[in-house]
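For reference, the structures are reproduced in the following blocks.
Next come two complexes built around chain A: one with chain B, the other with chain C.
What follows is the complex of A and B.
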């Protein structure tokens, strides 16, 4: 009886001390053919589940119930139950899907087919390809504006950002950008598009109205040679106060002031940092570090890296479920 | 009647609008045309050294074709059309004839896959003065120095750039004592000269130097010959071989008197491109090339790809097809070409050499990429490879 009571006490204490913002971090592991599940509050890898060949791009449905994971070597995008992590179905992604974007409504997926210079538009409910859009050579970065007006595809070798009307699925405008554009991300108000260039080591801010570059930021890190600074993933907070750019083999995340476009600081994370995701309350940022096989957790209130969690071989994509 | 008339007027105005619309469609801006010639010559099939390295007839062409595909994908969005026409001079013919007949006054951009002597002949022709020639075959340092021509750009790294890449890596490994073995071909002596220049530049010590003699004496075998040949008075760290045709260099490894690695034209080699290279998106172009060619991409393919892409990149950025505009941009600081080797590529304004990293590779593994970390330069580390501006003998007036 005493034991039981104690047990209950411990349980209650744990429950009360427990985090208010329970969230789950999902990380695709390119070389383990698996999905890592991390509890960022206890800062522990909770489990690793086999998911398919060479998983890379990952997205969470707006209702937080489904995960979409591009398993590149299976040539498909898998639909996974975000609770049970069981496979529910497959989407016809075209060959070698790597990066893809989910629209805000969560009913369409847009896939970059890098080897075929195509963007494939998929109706999720019907599991059907609606259209394939011819874009530049080696399309990579892809995103849909929060207002659902624009689909953006960046082609790495054509050095272009394609502005595609989501209603007609046709290209309206093309903007030439710095060499090897990698990732693209809109501000929450859809007014700006942020584009990273892997080869020039730059971030370009484009105005959605004119589709022109309004600012180019060249990254420099003391003690790191310019060729190691290869900007990849980019995210911007909901009020456009700050944006964050993963600098690849420079092993740092740059913090950019969203109003002045100054680089405020760079934060040392794991090796070859590629993709980034906010916690739902935007108080933390998670980074996938490809060659150090871990994720870094950044406390955004203090702008410090608080912990790295080993997850498996070649962590690639990351999403956070509330 | 009245109503009929209105209907008639309505029809007329509808027709007028229709015609106007149609006219505007017909008058849609024609695509800007950029014409590129590719010039090479039939080759006699050389004696086969090994059955697993077959002679490749179309080295270079497929690279140019892949470049045109990429240029035109971009061109679809910029209103530019890139056209590639291939000219192969017959084995016994003169390339200058093909050039004068087929290319002069028709093309401004010519990708040339020919040896140094013929390249020089072509670039001195009157018609060539109003052209830009892209050399995708030579590695001669003389062509980038005292024999340089204003209308030629060189896509492949020169022998000096390759030797410097090797020397930088040897310096990092502290393998500073070299034993140099030179073949009998003129090219081998030029490679040896580049090696000697790099040795001096990076403080390497050439402790011994020998010329490889080919004999047909049946009593002598490779197994016994190499062991005897590689005995020296002084100890050395690496054996540096200069054998560009691959006559004997592959027989040195594992047969030397003392156990020492082989570098140079065999063993650890310096090259702009290799099948073992997969970083910086290289795996994507390796796949695209293999799908098109059914083989791996060779040096002239890579060079021809870069030449055609350089034209595309400069034409797209300047929205022009005129030679002067395109050339000025190509030689400016703004020009940055993706070569899938990390750093953006550009041309050296003082000799027309493409500024590029050099891969150091063993047959099945990428060992390092030069410039090696730590070799610094005030402008760009890429200029630690080959002839830098102050050393250049190119005077641009030829």
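What follows is the complex of A and C.
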């Protein structure tokens, strides 16, 4: 009887703990100068908050308490309370910040300054620029390896991926890649770097040890002309079983097998799909669809798009808070 | 006259129709080939054409193949309804209808049995089509495949009743070409089977209005919503009313003392 009661207690506690995926999705709206908040359970836009001029890149602190948002036309990165959505401060990002990366410890931010061909290193606690690293022309994609050894910057015009040592903040190696490299992402074990090329319509897989391309995947979508296939955002799941690439105006997300590097399928989402973010349990993937002004929710267990939710004008970046 | 007679007569009619369906393999294949050609060939050309606005029951962007699948289900039932009406005309010419009509049961019951038989056949065709479409990556939620069954009954009955009504007008088999030109094609093309209403409205408001009042559109929408586990009340009522209207007219049409039979000199 006691056991039964305990069992019931546990059941009630679990039931009261709410649905399994009580996460919040934050989306920057480039044209609305705002941040959209989406509840993925009700699959509805819950609110839109003004955030600053032309918000694009967005990141969540490792403790999930702070949001960092690059407001490009304000030339700053804003620090926002992830609960109250109030502004807590600003970081000196250099001119026109678009994309940036947070290191795993969450104490440094690396910003691509596209017009100045620079990567700006910011100490978050001190709110100070530590260094500006000269890179190739038009740096865009940027990421830090999960083991915190490498900072990667991809220059769109130089067509290079720069390997920067995070200890010394100096470039160690450059790898020539396909034209207009757009986004970069590491596997969870930091052994591979995945790079998308917007103009060649390819995904390149680089080996971290040799810094060389080990595989190039050319994307094709039946019924879509090659010029519309412009790979942008890339994410890889924690076990490196599958990677996902946003194909821009092809309105598709490509599903890539992380072991064989074959494209398993392409999923139809909204127009000009840009950036991608996993749910904390990696069971869902969220996409920002720039010109159709919505985000799509992909159920990764069934590999199907379950819903597209209108959020506002030009959704750009997306992060998910547990 | 007890229930047994009704039962036996109904199964006799349904059994005959099913037997005819099973033995006429060409008919079965052609009934499937038609929508499959539309799916594989026609829809392939329009792959990128849709996907501008999300309309219920869809929750996200869909490929054109997915959009026209309910329309093609409607097409199967529309052609099947017309096929039944064709067979009625044939039966009349061959004289087997005389045997049916002299049966001591109410005429409406015999016609309804005939209708149920045709609808049953069309539902079989639809499920085979849906199974093939499934392998072509057109998936609906699994509940949808169950929900669609009652709607297929209603839409099949409605389109079958229309066929019956038409068959009461047609005297000779040769006139059936007219039905193709004046009924099947306008009904199919002026509907939401191939294009959504909002898309039609962009080019012609009149066309979109005609499509909206086309009972075939409503049947297709009923199927479309059911396939995604949703109930479209308006489409249901519209289809039901259309069925009752066509059925009543067909019963009158087949009445030797009132309907078209008088003009044609009996069945």
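Keep in mind that, in the parts below, the second predicted complex is superposed on the first by the 304 of 322 C-alpha atoms of A that agree within 3 Å, B and C clash if a C-alpha of one lies under 4 Å from a C-alpha of the other, contacts with A are read in each partner's own complex, and residues count from 1 in each chain.
The criterion applied here is as follows: a contact is a pair of C-beta atoms (placed from the backbone, for glycine too) under 8 Å apart; a residue touches a chain by one contact, two chains touch by 3 or more.
These numbers were taken from a predicted model, which means no experiment stands behind them.
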item	value
Chain B versus chain C as contact partner of A:308, first or second or both or neither	second
First (chain B), second (chain C), both or neither touched by A:279	neither
First (chain B), second (chain C), both or neither touched by A:180	first
First (chain B), second (chain C), both or neither touched by A:113	neither
Partner chain(s) touched by A:71 [first = chain B, second = chain C, both, neither]	neither
Touching partner for A:251 - first (chain B), second (chain C), both, neither	second
Contacts of A:223 with chain B and chain C, given as first, second, both or neither	second
First (chain B), second (chain C), both or neither touched by A:136	first
In the superposition, chain B vs chain C on chain A residues touched	B
Shared chain A surface residues [contacts with chain B and with chain C]	none
Interfacial residue positions of chain C with respect to chain A in the complex	44, 47-48, 51-52, 54, 59-63, 139
In the complex with chain C, residue positions of chain A that touch it	43, 222-224, 251, 268-271, 292, 296-297, 304-308
Chain A contact footprint on chain B (complex, rising order)	70, 73-74, 76-78, 281, 284, 287-288, 291, 313, 316-317, 336-338, 342-344, 373, 381
Chain B partner contacts - residues on chain A that touch it in the complex	114-115, 117, 134, 136-138, 155-160, 162, 171, 174, 176, 178-180, 199-200, 225, 227
